[in-house]
Amino acid sequence: MRISRYLSYFVILIFLLTLPLYTGVYLLNVMDIILLYIALALSWDMLLRSGQISFGVAGLFGVGGYAAVLLNLSTGMNPLISIVVGGLAAGILAWLVGIAVLQLRGMYFAIVTLALAEIFRVIIRNLPDLTGGPEGTILPSAIFAGNSAKTYWLAIAVAVVSVIASEIFRRTRIHFALTSIRNDEIVARSSGINVFKYLVFIFVITSAIQGVTGGAYAHIYGFVSPEGSFSVDFTLLPIAMALLGGMHSTWGPVVGAVLLGAVSELLKLHIPYGHLLVYGLIIVITILFFPQGILGTLGQRRKKSR
Amino acid sequence: MEFRENEILGIIGPNGAGKTTFINVIGGIYLPTHGKIFFNGQEISELPAHRRCKLGIGRTFQLVRPLQGLSLIENVMVGGLFGKGLRQREARKKAEELCEFLDLTDITREITRMTALEVKKMEIAHALAAQPKLLFLDEVMAGLNSDETMQMIALVRKIHSRGIVIGIVEHVMRVIRELTDRVIVLDWGEVIAEGPYEKVSNDPKVITAYLGEEA
Amino acid sequence: MEGCLQRIHKVMALLSKLKQKSYQIAITSVIAAIVLGFWKPHVLVEGIQRACLYAVIALPMALILGIVGIINLAHGEYMMLGAYFAYFLNVYTGMDPLLAIFPAFLAFFLIGIVSYKAIIKYVLGAPELNQLLLTFGLAMVIEQLANLFWTSRPIKLPLKYVSASATIGSFTFGTYEFVYIAAAIIVLAGLLLFLKRTSTGQAALAVGQNPRGAKLVGIHVDRTYLLVFSLSIALVGAIGAIFMTRHSIFPLMGAPFTMKSFCLIAMAGIGNLTGILWCSLILGLAENFVLSFRGYAGWADILFFALIVLVIMARSRQRQVK
């Protein structure tokens, strides 16, 4: 049983990896976006499993992007390494914010994260010498000189990393810690779980993933800007994707990302504005009617029919 | 006050006396505003709850909140994983042993379909998984019928036979009478009486605390 | 001789009160205000005016969050709707926006009822997470609908009376903005009276402390939530109308106010309505102070957030519940 499942994963992976051989640039670019959003949606969900909501995904994403681009420009750092360092930068920032704010959690944490993107955006806008100010900074050339197959593989790498992280979070003791903390902190503490330490850890890891994703995005598109890199898209969409697909799971956010990613591409072709409206509606409708998301609701139906 | 080696200590008192708060302070959910707490010679007054758990203080909760999203056996495993730092496989084995010890069957099922007695047993197993040296049972008999209460009493004796010191908060006096070596009575946060059950239950201060003054 | 001793006692008592933190803060604040008044009078006056604006926007959120525990991230968006409501009322009927407060209040009370029944009610029982996510999504929907219908172009009404000003010595300041101070005091007093003197207000307090217990004593919990929530929306809609008179409005204007309101509530403490006024004074003055230095204007926005992080850190140290 297990072998056949891993075999099918393997086949899908091979198919995905060899996609550039039989599809064109447009589809690869769409896949890039979907893959990066998979990483964002998954990392958001991983934090959600601990019971905390972050509205600051765009903030960490943008920080990672800026760090990666600026390091590459100013020190000639290899773009791939700069992406990793971008993730580190986001992680460190998350660590600072986390140790300051995660003592009071829930709503306080959520709303502080809401401010994160704005704060970083303001800081970056006000340091024009360092960051290029409101117009942003353009890279002389995108990573891999814009070779769409290679950028695609980069995006796959980022998505795979996030899937692996999510599975680690699900199969090791981290799963037990997260679920306990989410359910009842007092019970968790009395069971020997250092809640604060775990929360900071999860926040840092998920933020680092978001930073790496931001770095990858920045290098693939070749520029960063206060408005673009911290766009509310990067917070809103991952949330909608994770909720739609089914939270607290690995494949839920993936399904959500694929679905919504495809939908958003279609929308872009037919409706020039109004995307955010759709995503907001999806969030509202999902919370009201299918809080378990697609996978969750299907899973429940399957249980009932047994 | 103190807990002595090998005893089962009853903690009783009228509602609002502070019995659960007492457990919370010893367990580390609240920090004491005055005074100190020592455990096996070590001062723990400032230690956070998770450290106290690792040192060997365990407890159950009055309003049982089983962990949604985990199966029965997984609920039990939590204590072993974090209280004792076991690896998943070991924690699972220990948890299975505990479930057998407490007579819990069908342990891989979801926690949504359990009887009240089973839920309580799972709570206790969860606390036992961390291998406590001192275990607080907070009103474990609440909501059990006569039969189930007998079962639970036997269970507590079994647990005690493993060398665990037990502090049992109860309202059901029969349980206190049968199980405990010694009893302390709390009222408004103070210990107003202490001793074997017979002595304490006849203490006029205790009777006043429960029933009020004679008119 | 006796009188002398008594006077010394009184002074000693006063001085010992200085040890109390609140007195220390109060005295330092008064001194700071006086210094500010001489050094940068603009900052003092405009700071207080702006502070009251923040306060009056935050109070309705404090009502539902602090008293009955509902978090509404779409708070600022309702205010934005109120502003547009007043605008269109003026365009189509010529009604002065200040007068529009009254129809706005009524209209938004109804909107509040609809919002509650259609949407909010369903997540009250669920974990706080759901409220956060739902109202976040709702905020996005309202904001984007506004953007679609009214475009992102800022709109302003040219009203003459808003440029009223007065001069003291060489210092000129706007006098219209004192409306905000009046509004803040009226709303605060009104809410406090509501909570203390009306049965719904008392019910709200009860429900906030213990919804199940409140139900057991016969309080109609759902109706209380409904009324309090609708009151909050009504207030914030009316405040939007006032805001409209003096500032240009645009669909995305609401979000910063939601944030700042939350900051104020977190600073003042959940349930502390009067504290909101004091905290907003501190924040409003600080913000204006930073704004008064050229070149640092961009940083003023972060001030609120930096302060909220500091407050949260201080609070969590206080808590001591490990």
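Observations on the model:
Just so it is clear, A, B and C label the chains in written order, and each chain counts residues from 1 on its own.
Note that contacts are C-beta pairs under 8 Å (C-beta built on N, C-alpha and C of every residue); 3 or more make two chains touch, one makes a residue touch a chain.
Given the structure is predicted, the values throughout are model-derived calculations rather than measurements.
When every pair of chains is scored by its C-beta contact pairs, the maximum goes to A-C. Farthest chain from chain B, judged by C-alpha centroids: C.
Averaging Cα coordinates per chain places chain B and chain C 46 Å apart. With centres taken as mean Cα positions, chain C sits 33 Å from chain A.
The geometric centre of chain A is 42 Å away from that of chain B, both derived from CA atoms. For chain B, the set of residues that touch two or more other chains comprises 28-29, 48-49.
With touch defined as above, residues shared between interfaces to two or more other chains in chain A number as follows: 189.
Residues of chain C found to touch two or more other chains are 322. Those residues of chain C that touch chain A in the shared complex are 71, 73, 119, 122-123, 126-130, 132-134, 136-141, 143-145, 147-148, 256, 259, 262, 266, 298-299, 301-302, 305, 308-309, 312-313, 315-317, 319, 322. Those residues of chain A lying in contact with chain C across their complex are 48, 51, 53, 55, 97, 100-101, 103-104, 106-108, 110-112, 114-115, 118-119, 122-123, 125-126, 189, 232, 236, 239-240, 243, 273-274, 276-277, 279-284, 287-288, 291. Those residues of chain B lying in contact with chain A across their complex are 27-29, 48-50, 53-54, 58-59, 61, 65, 67-70, 74, 77-79, 81-85, 88, 126, 130. Every residue of chain A that touches chain B in the complex is listed here, in rising order: 172-173, 176-177, 179-180, 182-184, 186-195, 248.
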